[in-house]
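Given below, in the form of structure tokens, are the structures.
What follows is a pair of complexes built around subunit A, which joins subunit B in one and subunit C in the other.
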Partner chain A sequence: MKHKTFFWFVFPSVLLMIAFIALPIVSVITQSLYSEHEQVVVVVENCGPFGCTESTSVDQEATAALREAEPLGRWAGFGIYTDRNHLAIDEVAGAWVNSDGMPDFWRTLMNLPFYSAMAFTLTYTAIVTPMTIILGFVVAIVVNSVARSLRGPTIFLSLLPMIVTPLVGALILFWMVDARGILGTALQWLANDPNLSVKASTPLMWIMLMVYGTWSSIPFAFVVYYAGLQTVNTDTLEAAMIDGASRWERIRYVVIPHLMPLTTFIALIQLMDNFRVFEPIISFQAQAHARSLSIAIFQDLGGETRLLSSAAATSVLTIIFVAILLSPVLVRTWRDFGKQR
Partner chain B sequence: MTLMKKLALGTALAALSTTTAFAAGHADCGDGRLSIIGNEFPAIQTVAAAAVACAGDGAESNLTADHQSLNLPGMTGNPAEYTTAIVANSSIVALINDDVIRPLDDLVAEYGQDIPKQQLITVDGKVMAVAFMANSQNLVYRADVLEQIGMDVPTSYEQVLEAAEKIRAEGIMQNPVGGAYAAGWNLAQEFTNMYLGTGGQFFKPGTAEVSINNAQGVEALEMMKALTAYMNPDYLTHDSNATSAEWEAGNVALMNMWGSRTGVLMDTEGSAPEVYENTMTSGPLTVGDSGRPANTLWWDGWTVAKNISDEDAATTFKAMAAGVSPDILNDQTMDQAVWLMPNFEPQPVNTGVLASVQAGSTPYPMVPFQGLLHTALGDNIADFLQGNESAEQTLADIEAAYTAAAKEKGFLQ
Partner chain C sequence: MSVATRRPLSVRLIATGFLAIWLIMAAFPFLWTLWGSFKVEGDFFSKADWLNSLRGTLTLTETGGQFTGDGYYGAWIQEEFWRAALNTLIVCICVVTISLTCGTLAGYALSRSPYRYAFWLLLFALIFRAMPPVTLVSGYLLPFFEWNLWGHLSTTIIVLVAINQPFTLWMLHSFFKNIPQDLDESAMVDGCTRFQAFRHVIIPVMWPGVITTGLFSFLLAYNDFVVTAMLLTKENQTMVPKIASFLGTTQTKGNVMFAVAAVVSVTAPLFLMIVFFQRQIVSGLTAGAVKG
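Let's turn to the complex of A and B:
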């Protein structure tokens, strides 16, 4: 293809990508480097139905002048990234020097919002991603060996977790694990502890979130693998059969290598999705037990006073960490691509 | 002319005159625009309906629980999407901070002479909002259960603990105490109540420097933790709705609950007669020996956007003034809230809120940085209640989280 033809061919999609992907990210990065103006606070008297009280208020005229002078706000550089609610550089350095021993340092680290959110997010990603891939593969193999007449309904049932709206699916599970719900009561009976409550225990809540995360994304892995299974070369399979390969050996040495590129694809998508875990924490009302970077962004934007720069900084950090997390997979894909040429 | 025709003509004339009367009604509120954003509960629906009726065809209202995340963006543009926001003493602060609502003095002088002075919310001498109802959290109790254990209605949290212990010991209820302790806004609100009850101050006077890591802060946290021992173990996921459901299920005998939600608990729907017949409300509780009520007073009121034409502002003002006029009170609306209008007659469900006003409870602080502290409180208190760290550590975390946020917002250097 000539360069000129190629240029005009990709031009529309490049334009759309710049408008809807690149520019918003640039604006988020810009936002994260500025903080709000110094607020001129004055003591005023507020009166209302319950009488008058001495209080403080923002001096609008003085603040308006500051706003006029610097519409973007004060230049903060990386100040927001390094403050206590994000990377907390000073606090971590202080803890490193002052803590006696690793456990003490770890406790201080986990007490900082960013690092406790990272701890949950990484654990969640590290467990849910492989679980999704393994279970999705198993479901695909099983569905593929079901009799043809039953395959339609089986596929539909296997896709249900994905069809059900995530919030609704999570809410149903949330009610079922309630101390008075069917699963919650069953757990109490099994553990022989009438006070056992999933919602009150951090470890159980983490397990619940990961079970839900796996459950809701299995269908995605299943669909991709199932499509891949239809392209497995039947000649190779038959040849393996003639050579006396068992069913397990055929899966291990023929099917799995054939599906490897799909695994890379699923891993990429799942790593990204799981790192941004959000809905389960909201619908399980698990903020007291588990926080993620997305939850931190949501809370910055949802409070009575919005923290735009803080939310922007957390977004940029999320992008950076997703990039780091994906880099091994991306490097691998790049190498494979090189080999094929 | 046949009878039939006469009748038809009469009906047509009557219809015509009704329309004229209606049009005249519209003219009262002018030809400007009215667009309301506000929270969703019965009292606000009544106000919005009356205001929309006055402003006529183009008027609209968006009442939603998410109003707080919509009102500021919706009023920042020029012209603003919403010409009025119905807010409370906590949420008006964000609108004042960003300078999106206008002082109402000239509009009050021109169109609002009838509004009683006590309904006007003034900041630094300028009228910024018109309040129409009061709210607060108060003790709600089960009269039959208290009778069973032979105790009077508690007036302090210490007595609540004592009663809870008795109820549990006698096997009446396993977890007799309720409360909206869901991590986040609700939990922060409960701490705010408790901390004010201990006589604490949130900030060093006249500054944005937080000061809650003190004896009162520890006392407030300790009392909250003591109460959670008598709550459903899932308390950190219970917001006001879930707590009300626990109450209606008959699992709870004592709780601190919003006055605006007590009506639902006392009506005949959703619970057994033994529950709703014995649901009573009393004044605010105290904690420790400071003698101050451990709750906050709230008002709900309306504002007028800054970035709209004067004509729209005038229509909005007149329509909202009509929306909160004494005329909206009737048998159906009287018990929806503690209305501030002069012709309001207190109903049984209002006992708690009125008692709080009389006991001199503190209004929720209208401070520009209170919202930042509220968020920091909601994020950190659960750590203490779950026994992960000491009260002092939690309070230090809250102060540090608040300080970082306040620096970003420009309140601290």
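Let's turn to the complex of A and C:
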């Protein structure tokens, strides 16, 4: 295909991506280097019969005018990155010196908003991704072994948790585990504790969020593995059986290696999606117990005063983490492409 | 199935049991909420006895019937959910149309170009796909405020199309790779330009792939919360942020049921979509994977 034709074919798509993905990233980086204007303060001297007093007041008009004139704010350099709400360099350094032992240091770290959000996001990603892969694989193996006529309805029902809007799916689960809902009541009965409430307990909330995450992404892993299972070479399986391989050994040494490339694919997609965990926390109203990086940005943007700069700094840090997470995949894709040529 | 590969009874029992558990886990929450949406709040959340939600004791005393449509009435008429539904409809139709138009052109070009920059474009699309949308939203707000673009449906539509592009590109790229190159090349030998070849030869055979990709574009627009919640004014809200706003403001008695009714209303179209397009969804999910 000629260069010029190629250009015109991809032009609309590339224009959109540059305008609404690439430029916003530049905009976020710029914004993160500026901070809000401080209020303009004027000193007024009031002179009365008993001498003069000085009072300070906020000049609303001047403040508004300044914010109007320079909406970005004033130059702050890396100040926002290092403040308490983000990397908190001073606090971390202080805690490192002053704390006695790792547990104490860890506790201080977890009280800092950015690090606690980071901890939740990473824990969530690290637990939900493998759980999804394992359970999705098991469901695929099981569905593959049921009668052919049952497969259609099974796939239909299995797709539900994934296709349904994340916010909605999480809400449905949340209402069920509410202390007055059916699962909540069942949990109270199982734990034999009538006051047990998932809403009130941080560990239970984390577990619920991860259960939701796994529940909603099992279908994806299942469907991909199921498609992969249809292409397993039956000759190899039979050969393994003649050689005396047991059921488990056949899965371990024939099926799993065959599905390995699919696992990489699922892991990649799941890493990207789990790292941005967001909707379930809104639905579960769990902001007090678990904050992810996305939630941190969203809260900065959504409050009474929009903390654009703070949100921008967190966004940049998130983007850097995504890049680190993705780098092995990018390097691999790059090498594969080199081989093809 | 031959005798040798037949499974022993114990394995079959475990497999069936596991499958039954998974199916209940996958489907039961939806059935339960559908059932509960026709009850009053006291039954949907019953403190006294969970069987109340089955028997509808309070629903009977409060409304005089086993089932009540109060939640739906409250959500759709009183809280004007129909307006949100209309907005969602507009957003979804526009997003799907625009992103498929741009996506097919670019996806076709990418699948036919042997040059390195095509690969780079795909690689960048992959990076963009990994960006959490909320990080981008924080980049939109200030410029949109400055240029008075904030709050309109059209802005949101364009943003959703753009966020959708990377995925659309990858998917259509792999679909077009499966259409043999000889097809359009022979048309060009016969004197067509590249665009004519695309128009007369490729477009008639591309529909299965385009429909599948369209389904996923639809899902993205329909399910989105971050972009629609941050970029739309209250009047222009779509369904998903509207549900979220039910949770925040209306905690008075009975209003939770508005949210429940709204949740069921949002789920229903998706349910129908799976009924009619199950095959396409499954093929779409596996398309990227099987290619590797």
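General remarks:
Following the convention adopted for this analysis, the second predicted complex is superposed on the first by the 268 of 341 C-alpha atoms of A that agree within 3 Å, B and C clash if a C-alpha of one lies under 4 Å from a C-alpha of the other, contacts with A are read in each partner's own complex, and residues count from 1 in each chain.
Everything that follows uses one rule, which is that contacts are C-beta pairs under 8 Å (C-beta built on N, C-alpha and C of every residue); 3 or more make two chains touch, one makes a residue touch a chain.
Predicted, not measured: the structure shown is a model, and the values here were computed from it.
Looking at the shared chain after the overlay, A:Gln285 reaches both subunit B and subunit C. Once the two complexes are overlaid on the shared chain, A:Val164 sits against subunit C while remaining clear of subunit B.
Contacts of A:Ile133 after superposition: neither subunit B nor subunit C is touched.
Looking at the shared chain after the overlay, A:Val41 reaches subunit B, while subunit C stays out of its contact range.
In the superposed model, A:Leu301 makes contact with both subunit B and subunit C. Touched residues of subunit A, counted separately for subunit B and subunit C, are more numerous for C. When both complexes are overlaid on chain A, the residue A:Asn195 reaches subunit B alone and has no touch with subunit C. When the two complexes are overlaid on their common chain A, residue A:Ala64 makes contact with subunit B while staying clear of subunit C.
In the superposition on chain A, contact is made by A:Phe50 with subunit B only, not with subunit C.
Contact with subunit C, but none with subunit B, is seen for A:Gly181 once the two complexes are overlaid on the shared chain. Overlap of the subunit B and subunit C interfaces on subunit A: residues 178, 285, 301-302, 306.
Those residues of subunit C that touch subunit A in the complex are listed here as 4-5, 7, 11-12, 15-16, 18-19, 22-23, 25-27, 29-30, 32-33, 36, 44-47, 50, 53, 101-103, 105-106, 108-110, 112-115, 118-119, 121, 123-143, 145-146, 158-159, 161-163, 165-166, 169, 194-195, 219, 222-223, 225-226, 229-230, 240, 243-244, 247, 259-260, 263, 266-267, 270-271, 273-275, 278, 281-282, 285-286, 288-290, 292. Partner subunit B is touched in their complex by these residues of subunit A: 35-39, 41-50, 53, 55-58, 60, 63-64, 74, 76, 80, 83-85, 91, 111, 113, 178-179, 195, 197, 199-200, 202, 284-289, 299, 301-307, 309-310. Of all the residues in subunit B, the ones that touch subunit A in their complex are 68-69, 72, 89-91, 93-94, 96-97, 99, 118-125, 131, 134, 182-184, 206-208, 232-237, 239, 297, 299, 340, 357, 363, 365-372, 374-375, 379, 382-383, 386, 389, 393, 397, 400-401, 403-405, 407-411, 413.
On the side of subunit A, the complex with subunit C involves touching residues 1-3, 5-6, 9-10, 12-14, 16-17, 19-28, 31, 71-72, 138-139, 141-143, 145-146, 152, 154-161, 163-169, 171-173, 175-176, 178, 180-182, 185, 215, 218-220, 223-224, 227-228, 231, 238, 241, 247, 261-262, 265-266, 272, 275-276, 278-279, 282-283, 285, 293-294, 297-298, 300-302, 306, 308, 311-312, 315-316, 318-319, 322-323, 325-326, 329-330, 333-334, 337.
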